[in-house]
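I have a structure here, written as structure tokens, and I will follow up with some questions on it.
Labels run A, B, C and D following the written order; every chain starts at residue 1.
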Amino acid sequence: MNQGNVHQEFGFVRRYIISTDHKVIAKQYLVLALGWAVLGAATAYLIRWQIAHPDTEAFGWGYIEPQVYNALVTMHGTIMVFFVAMPLLLSVFGNFLIPLMIGARDMAFPKLNALSFWIFFLASAVLLASFFIPLGPAAAGWTGYPPLSAKNEYTGGGYGTDLWLVSLALEFASFLLGGINFLTTAMNLRAPGLTWFRLPVIVWMQLTAAVIFMLSVGPLVAGAILLLMDRNLGTTFYLADGGGDPLLWQHLFWFFGHPEVYVLLLPGVGIMLEVITVFARKPVFAYRPIIYTTIIAGFLSFIVWAHHQYISGMDPRLAMPFSITTIIISVPFALIIFSIIATLWGSSITLTSPMLFALGTLGVFIFGGLTGIFNGSAPVDIYIHDTYFVVAHFHYTLFSSVFFGGFAGIYFWFPKMFGRMMNETLGKVHFWLTFIFFNGVFIPMHLVGLRGMMRRISNPMQYEFLKAIEPLNMFITLMAILLILSQLVFVVNYFWSLLRGKVAEDNPWQANTLEWTTSSPPPHENFVTAPAVYRWPYDYSLPDSTADWLPQNRSEATAKLVTP
Amino acid sequence: MTTQTAAISEMESPVGKNGTWWFLASEIPIFGGLIAAYIVMRLGSAGWSEASSHLNFTVALLNTFLLLTSSMTIVMAHAAVQRAALKRAAHFLGLTILLGLGFLGMKAFEYSTEIGHGFLPSSGIFWSFYYGMTGLHALHVLAGIIVNVVLWSQTVTGSLAQQPHRVELAGLYWHLVDIIWIFLFPLLYLA
Amino acid sequence: MHDWFPENVSTFGGDVDGIFWFIFYIVTIWFFITEGLILYFIFRYRHKPGRRAVYATGNTWSQLAWVLVPLAIVVVLDLMIDIRGADVWAKVKGQRPPADLVVRGIGKQFNWQFVYPGPDGKFDSEDDLTTDNELHVPVGKVIHVMLTSQDVIHSFFLPHFRLKQDAVPGRQIPVWFEATKIGEYEIPCAELCGFGHSGMNGRVYVHSGENYQKWLSEKWPKS
Amino acid sequence: MDSVHERHYLIIWLWLIALVAVSVAAASVLPKPHAIVLIFSVAIVKAFLVAKHYMHLKNERAIIYAIALVPIVFVMILFLGLVPDFVWHLTKK
């Protein structure tokens, strides 16, 4: 916290490039994440083209060789999970919201925050560079299972896999530092009166996500170092010939990989919850149970990882214990979902575009959660493992959190971020197109999976038993292209609103959390006068107050009389 | 100045200490995962003890002594800087740095004799783990030395007097590196 | 609706499908309850001037019961799924019935190799027979396949038999199946194994007892 | 007061060195299984001494203990999950 220099003006570089202001850093992440999303969408398009029209020239690209196809699949997963979902959900919203929501001037370690971003930028540069080197980027799947990833002779690739590993290691370092910052900020810099149980749920979820990321990624960092050594120093950690074991990587990977799912899920659920309470004008139902179950779910996420490995050659006696924990993890999430549904009961709903996206998150996530039960059941997984059923399932959960949740967050906090409103009509059009085409892609994909179509095959027409689903695959591809194209509505809305949007009031949605008590956009160091907190963030439609909202910084004395 | 945070920060640890502990928490699974993998792989197959017997036990014992002592010296530096005895802190920090460099020097000597005897990272699964674990640990020692050198230079300029807690934070990290070695030593050399 | 799956031709395929449908009915009901409620609430509780939302925080047990009771049902259903699932898992991957025929299955880029022990019943002997991408088995007999891999991880997938198992270098993993129907079925690889992953495809030929004997006598004419 | 601190740190250091001597002696004298149990018990004691006295855990609040211990719990879980596949490994060739 430096010397209260709220009005100090910096030059362009200090303000936008090497800024240590958490709001600017959040926007830097936003730009980078949305940029990566374009590339992620492009890889999705090429993958879908190849599946629907195998071995024809993809429009705008050309013939997709099998080797290139594997690289596309690998990069799609890597980009979407590590370079879109993680920065968008954690870095953008975590960075922007945590200090504002707790009434702090900035993060606990602003310079470390900037450093996190630039390490992430470096990770991005390394991954991007791998597209342009001879033999192309990594092609061993986003899970990078050795031995395939351990020797170039197996993939036919080159240094792409090394760059992929280096890029992931950098990205993990960046998010570890980011997580340390989030946690310390929330522990130390909360405004007076803002107790732990007056924090907005999204802050709790961001913090839980930071903790489970921090505690799960270590073994994979170690695993990645070992894989780099296998590739470059001739060690044999993952090679059976030298006494190693390929399964070791899978355990280290999924010990991180499954908590990672909840790292991506919780912030999205948090956004959904905040947006729904605001537009339902109703307090979140079962606030404390939601927080407790969030923490329980975070803990449970560490004891379910082997459900990714039922048929991997893992000891079959491990399958049922992990199957039980996996299916039991539905309980905390069911509580959160039921509570949100209960929040909707007796509410007063306005269907703005952020609300539509938040409800979309809810609806889509329920579907994804329910299909997860199939995957979690070890015997069913024998058949559906590594098929498109799994692909459809995790797109239902992750697309809901990352894109529906992410869009809800962007539409909702855009006025606070940029001081202008986004266009409502375009927002609603964007929602309906996204919602319809998303389901158009992924509902049929479950059926394709149940027919047995394997993941990561470039040409289903090579198999007799998959010939019948060709029309379905073509339909999915058409829907996917439309889904990607309908995001243009968002792009137009985003840039138009940025330049020409209606100037936003400080609190356009009449929300209670602290970020809405300062100006839009907030000044450097966030608050002109430091806020004090008197209540929890969900006093919507409090019976005795005149208005149906009551910000956190209103004291008891003024609560009943004053319209905020 | 920090009126907004005064109410809470009185009850909580200082920012730097919380942040450092979270950082240590994120380091534990990195080495923890590595050690867990080493133990299960070793329990699951034979021949590791034989490979382990080629390691230079004396050097490792000396290194254990150096690192344990350096933990003591850095905590002494902390005690000194707390009562503004900057010169004494500088001596202890300097000693810590020298002990750390001594550790790395011995490690380098150890590596070079092993490689001279033909034991490379590719010489088998034990050697893979040996070089992987000690190498990663040595990098941590190196990072700690760099931090300590920065702090030492701040005793020269005198700026450390305003930031005495920095020695404690550097110490926390340094002790973790020491603790990791406390486990690596028996795992690799004694078992 | 039941032709969502390929035709089932193994003895345990029905059990796998059965647990699938068991879960399917449970989650379908939950799907309609939850999504139905959401839709109903969105229509029913749309903002109207003059009507305020109910201030319900769920802080009392009587309110919380609306969440906890369904949650208890979820727990019970979860356990039912696990208990039924455990039996099926044990049947497919747990204990294997005694083998009538043991074959080695070896994954390699990008082929399935099968090794038959020959008339002496022993592997690594003179009369072993190695086939590429062809697995010949008799109908109604218990077949054990000892899976391993020469290079990377492959996944031995018999969609019609509801069987899948990764073949891992350095491990020998046994799987079993018993075919119930004569025919020719595919054995794709289900784990990304390199540029030839797509198209890595073997065949299992399920013969009648007679035809299988004929195949045997073609391959080992001397004995 | 500070000289008290410093003497305390020195005493801990002597303990640490003594414990190293114990484990080295154990490795050369005791039969292997016993030695291993002793050596790792000693290592845990050493780590505990460093954490408690040098890292000042004895003066810290519960939250710091939680931050330090929870990762260890998760590493233990990982370890237990690895045992069946790599120690028992039914399917190893």
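The rule is simple: a contact is a pair of C-beta atoms (placed from the backbone, for glycine too) under 8 Å apart; a residue touches a chain by one contact, two chains touch by 3 or more.
This structure is a prediction, so every number in the text was calculated from the model and none was measured.
Chains that touch both subunit B and subunit C are the following: A, D. Farthest from subunit C, judged by the mean position of CA atoms in each chain, is B. Looking at A-C alongside B-D, one finds more C-beta pairs in contact between the chains of A-C. Here the spacing of subunit A and subunit C, counted between their Cα centres, is 30 Å. Inter-chain centre distance (subunit B to subunit D, centres taken as mean C-alpha positions): 15 Å. Averaged C-alpha coordinates put the centre of subunit C at 44 Å from the centre of subunit D.
With centres set at the average Cα position, the gap from subunit A to subunit D is 37 Å.
Shown for subunit C are the residues that touch two or more other chains, namely 168, 170-171, 173. Residues of subunit B found to touch two or more other chains are 13, 18, 22, 25-26, 28-29, 32-33, 36-37, 41. The multi-chain contact residues of subunit D, meaning those touching 2 or more other chains, are 63, 70-71, 74-75, 78, 82, 85-86, 88-89, 91-93. Pairs of chains in mutual contact: A-B, A-C, A-D, B-D, C-D. Contact residues of subunit C toward subunit A in the complex are 4-6, 15-16, 19-20, 23-24, 26-27, 30-31, 34-35, 37-38, 41-42, 45-48, 51-59, 63-64, 66-67, 70-71, 74-75, 78, 81-82, 85-86, 88-89, 92-94, 109, 151-153, 155, 157, 159-160, 162-171, 173, 185-186, 188-199, 201. Only residues 13, 17-18, 21-22, 24-26, 28-29, 32-33, 35-37, 39-41, 43-44, 61, 64-65, 68-69, 71-72, 75-76, 79-80, 82-83, 168, 171-172, 175-176, 178-179, 182-183, 185-186, 190-191 of subunit B touch subunit D when the two sit together in their complex.
Residues of subunit A that touch subunit D in their complex: 187, 215-216, 218-219, 240, 245, 247-248, 251, 255, 302-303, 305-306, 313-315, 317-318.
By the touch rule above, subunit D contacts subunit C in their complex via residues 89, 91-93. Only residues 2, 5-6, 9-10, 12-13, 16-17, 20, 23-24, 27, 35-36, 39-40, 42-43, 46-47, 50-51, 53-56, 60-61, 63-64, 67-68, 70-72, 74-75, 78-79, 82-83, 85-89, 92 of subunit D touch subunit B when the two sit together in their complex.
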